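Input: one structure, supplied below.
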Amino acid sequence: MEFGIAFKGDLDHNRMLAISRQVEAGGFDYIWFFDSHIIWSDPYTQIAASMQHTERVRYGPLVTNPKVRDWSVAASIFATLNRMSGGRMDMAIGRGDSSMRVMGKKPATLATLIECVEAIRTMTSGETYSYNGSPNPVFMDWTEGYELPVWIAAYGPKALKAAGENGDGLIIQLAEPGLCQWFTEQAKAAGEATGRDMSNYRALACSPVFVGDVETGIKQTSWFPAVVGNHVADIVEKYGKDTDLVPESLTNFIETRQGKGADEGYDYRKHAVKESDNLYYVNNAVTESFCIVGPPEVHIERIEKLKAAGVTQFTIYLTQGNEEQIVAEYADKVIPHFK
Amino acid sequence: MEFGIAFKGDLDHNRMLAISRQVEAGGFDYIWFFDSHIIWSDPYTQIAASMQHTERVRYGPLVTNPKVRDWSVAASIFATLNRMSGGRMDMAIGRGDSSMRVMGKKPATLATLIECVEAIRTMTSGETYSYNGSPNPVFMDWTEGYELPVWIAAYGPKALKAAGENGDGLIIQLAEPGLCQWFTEQAKAAGEATGRDMSNYRALACSPVFVGDVETGIKQTSWFPAVVGNHVADIVEKYGKDTDLVPESLTNFIETRQGKGADEGYDYRKHAVKESDNLYYVNNAVTESFCIVGPPEVHIERIEKLKAAGVTQFTIYLTQGNEEQIVAEYADKVIPHFK
Amino acid sequence: MEFGIAFKGDLDHNRMLAISRQVEAGGFDYIWFFDSHIIWSDPYTQIAASMQHTERVRYGPLVTNPKVRDWSVAASIFATLNRMSGGRMDMAIGRGDSSMRVMGKKPATLATLIECVEAIRTMTSGETYSYNGSPNPVFMDWTEGYELPVWIAAYGPKALKAAGENGDGLIIQLAEPGLCQWFTEQAKAAGEATGRDMSNYRALACSPVFVGDVETGIKQTSWFPAVVGNHVADIVEKYGKDTDLVPESLTNFIETRQGKGADEGYDYRKHAVKESDNLYYVNNAVTESFCIVGPPEVHIERIEKLKAAGVTQFTIYLTQGNEEQIVAEYADKVIPHFK
Amino acid sequence: MEFGIAFKGDLDHNRMLAISRQVEAGGFDYIWFFDSHIIWSDPYTQIAASMQHTERVRYGPLVTNPKVRDWSVAASIFATLNRMSGGRMDMAIGRGDSSMRVMGKKPATLATLIECVEAIRTMTSGETYSYNGSPNPVFMDWTEGYELPVWIAAYGPKALKAAGENGDGLIIQLAEPGLCQWFTEQAKAAGEATGRDMSNYRALACSPVFVGDVETGIKQTSWFPAVVGNHVADIVEKYGKDTDLVPESLTNFIETRQGKGADEGYDYRKHAVKESDNLYYVNNAVTESFCIVGPPEVHIERIEKLKAAGVTQFTIYLTQGNEEQIVAEYADKVIPHFK
């Protein structure tokens, strides 16, 4: 089992560096940064800064998208970060959410996402790639040839198929084992259908956590189902009626939620903010199932279940305060159980 | 007099960091990075890495352009780098040269350049800005409000006018005092014509240098007139006939050069490469006047002349080997003369 | 009110560096290292390493002694650390405890302590000093002339007198306000008696802390009264009978403790070890009064009392686990109350 | 062939750090610091600082001695530096020269040197050691068990015997191949006589160098024969008459030198200072043979000869200016020839 943390990118710079060091010393494997340049800041310059303070952990955006940067610009960033870190970059990518919507733009199509993955992977490795965004074919001969592992974020069946066919791993933005298993199985099946060997396929489940009493934990993390809950509900309602993998709490949530469309009434300016009005359609059971809150043994038990569900990495959204304590608790009491 | 160095971005990462520290310890004021993401690498992640090793020097791209990144993405990068360095970022910008041409794209118009300067300056400072690239107005409330000094690269009269009217400083890519004076005066006059107080206007002259014997120096630096010479020749031929500021060596160069258009036969893949075929239209006198080559006293004498010509910063293109020696020679023997 | 932390010197190196950064980002003022080279490790090389990761916090040993290093060697270390940090070194010194006793050596006399303070202060500042340990007078012309603030650790009346007459501050190894006031007043009175202006005299109280429930906190910190309790009891029993500053819990402790001499049955190899047999003569009330254990508001309340008692710095012995959490709790909830 | 540099310890701290990074990036293997705490500063805290900026190069004092620090204090320093660097410490030790003499103290006897090597090696590795300086046996259970390679500095036959019998390597303070061979053979023969396998025995030759014209080089480095010349002359005069390994220049030097005893008229306050009066007994031929001065090919040729003479590491005394240039020249032009 791998462990990661994800920075939103809004922490004091020096605290971010201190936590980066704490994370590596504490046995974590990945440091991710949200890629939403207007709401929170630029992830790649912060990755570069953090890399100066670590030797082992890997990095990546969680998640980038095909529309925010020209693909050659993105590939150049990944290759530069690989060169400065001895090849410690991954890319996680989705169709585009907050970084696009806050500008009034729409997410990319799945076809664009798939082509973008190919483009960035190819150019980052130093091979030539031709795409619509550049009249001339692009090649960057200084890249040192590192291969870029690509994780694709997906909930719905078409995106999961794309993730299984094109990615090295799947990003699942919640820590509910039943849904993780349902999503991961769809991605793997799609990959296998194309003849790929999926035995090394990876699945990353990510969510905020709170180590301590459940009540405080729910208060700290209920912003998260507000961010992802409606998306998930749509998917489950549409495609998950025939499966018994969907947990009861979620079924209940789907029936009682007040917002109807994924984005109805949603304020992207308050994306992932604890006290946001966006919280109105969340209940405690959903929060507890999407996040991990409680004493260390609850975290261990849940991550064991995620592992059994096919998840290979659990990443903590380090976004709602108590950052150093959460990292310390995982380093002291949770990670040692899995290593 | 300020002093800077410019990295091309192709040095071994650890050497780049060592030189960054040497540069700050040696009394320099600025570290610039070329912004040409395909030919050399991403400048901003390298700036972020270098910043982890300095406390005082300022940073910037030399030069970026309006077409390589969405303006909100660029502003987010500048604001993030400001936040992590306590406000040590500048921006130098031109219409776009190698980073665009290598993709088969054209430089931006001057009008676009002027709007881009306003856009990035505004968004970086935390103010709201509306532009064509974003359906929604953009504001980034986390920026900490640093003001971004903007330098504009220019040779021709319209660009110089734009630089004087819109910039905090002018970038001149050569170290020939007569031309520097001619360019700087045009920019300042344009600014004054709009009623701006130009008393703090800055002018940066940049070129490769060699400290040692002249013959070796010319061999090391003759790639540079090949990069900028034809552009300059075009300008001088077109607009400079009535002035006696143009040096004789340049007049001679203009008459004898073989290439006729600025880019005729020019291979951007070998931009700024020492042994490039692009060198064919350069002679030694031009190299000596565009660059600074010779023992330390030659450098001191030239920089005195640049200062008298209105130049406020001399920046070394640290691009052709002997990097540590050049920095050491300037730190030991040249900079102390001016501080 | 200043805040500090003290490392025992046994933490994983990378965690120590991460915590150093966390401490500075969290608003602390001092990082101290125990100076007991056999039991725990060398403090000065760790200070040098930590300094590479901070810009503002000050450093020092807590506490060194006159007998562990030749005075010129010690002065050279302090001057070197000052030079590399822009003058961020202090010295805290006592007669010598664990670092001497574990070798079978005895603490220094007070007279030696007083001369040592003068010697190290003089040589560190770059002045010439003659002492028995060196046939030739010693001067180090490279020291840059920083003045070294000297804190003296004391419990007993003679040591307190020496601390008040010779030190810039007093080190008190417990966080009990009544005793802190009693000790500080003695030191200040001694200083005033010699005509010194004691208005800037400093007093540092240090102890382990636990932020959380009291029961766990007592388990985590009861090693501490075992280390210092008997020394204090001796002093109180001998000199404190006429004062009402001694808290009742301590009076009770003095009457019921089983060990009779300060060191009877004490194993210096288990100095400051949580599960040590040395704990036998400690009760909970003494632990609560010597340390600070409980939720954040208990810490704030106690430190307010320490402040009222004349204490100018509270330093946390970061020695018994939960290091990052303790620093985070103080940074988030305690320090902001005092700044 | 290994390469090292030695810092005198008087450089600006930030330049020292920049050069440390330059040295590692340039392919060197060792960074040494002079250990003379009064004349120059404390080496171990500077080693700790430098280690924060490197990952691969090894460190050590060049040279320490048995009388400057209690052996347990020294062992604690070495073990602490090993722990923070993953075991990258060596020790080079001699009988004690400048750091003792400047205090008016005498060097240690060879017997003390031999016992000290055993003591520090044993305690650093975590084993128990009993010695006169500590009534109790000393053991440091936190040391992580790294073995400490020990180099012994020697010129004379008894010291060379001790170095061969007790050291892992020999330190020779000059770069004259004939003398290096003569010294190394004596050390190896002594080791072999005790039955040791000397096939991995190491020999380090060190001297200042100058890359450039010979005349300037001699001016820059003639302080060095002044430091070591008389010692060498004494040895050669006394023991080397029957060997043809002693170079003619040295024989001549011996006959014409004015000082007669090793230290007659020698001012230790001006130890290793370029413009010192101590230079009076040096001639150019001796400087050229003890140091390496000239263009890169002279350095390559000399180091080839040193290698043939049994030398396994050449270390540059980085002490007389032009530090970054010298490191750059070796990184670019000399080291690649040997790797």
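Note that the chains are named A, B, C and D in the order they appear, and that numbering of residues resets to 1 at the start of each chain.
Keep in mind that, in the parts below, a contact is a pair of C-beta atoms (placed from the backbone, for glycine too) under 8 Å apart; a residue touches a chain by one contact, two chains touch by 3 or more.
Quick caveat, the model's predicted, so the values are computed rather than measured.
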Mutual neighbours - chains that touch subunit B and subunit D alike: none
Chain separated most widely from subunit C, comparing mean CA positions: B
Rounded Å distance, subunit A centre to subunit C centre (Cα mean): 46
Subunit A and subunit B, separation of their C-alpha mean positions in angstrom: 39
Where subunit B and subunit C are represented by their mean Cα positions, the distance between them in whole Å: 54
Residue list for subunit D, restricted to those that touch at least two other chains: none
Contact graph of the chains (line, ring, star, complete, other): ring
Which pairs of chains touch, using the document's own definition: A-B, A-C, B-D, C-D
Touching residues on subunit B, where the partner in the complex is subunit A: 9-10, 13, 17, 37-42, 44-49, 51-53, 68-70, 72-73, 76-77, 79-81, 83-84, 102-105, 134-136, 138-140, 142
Subunit C - residues contacting subunit A, complex: 12, 14-15, 17-22, 24-26, 321-325, 327-329, 332
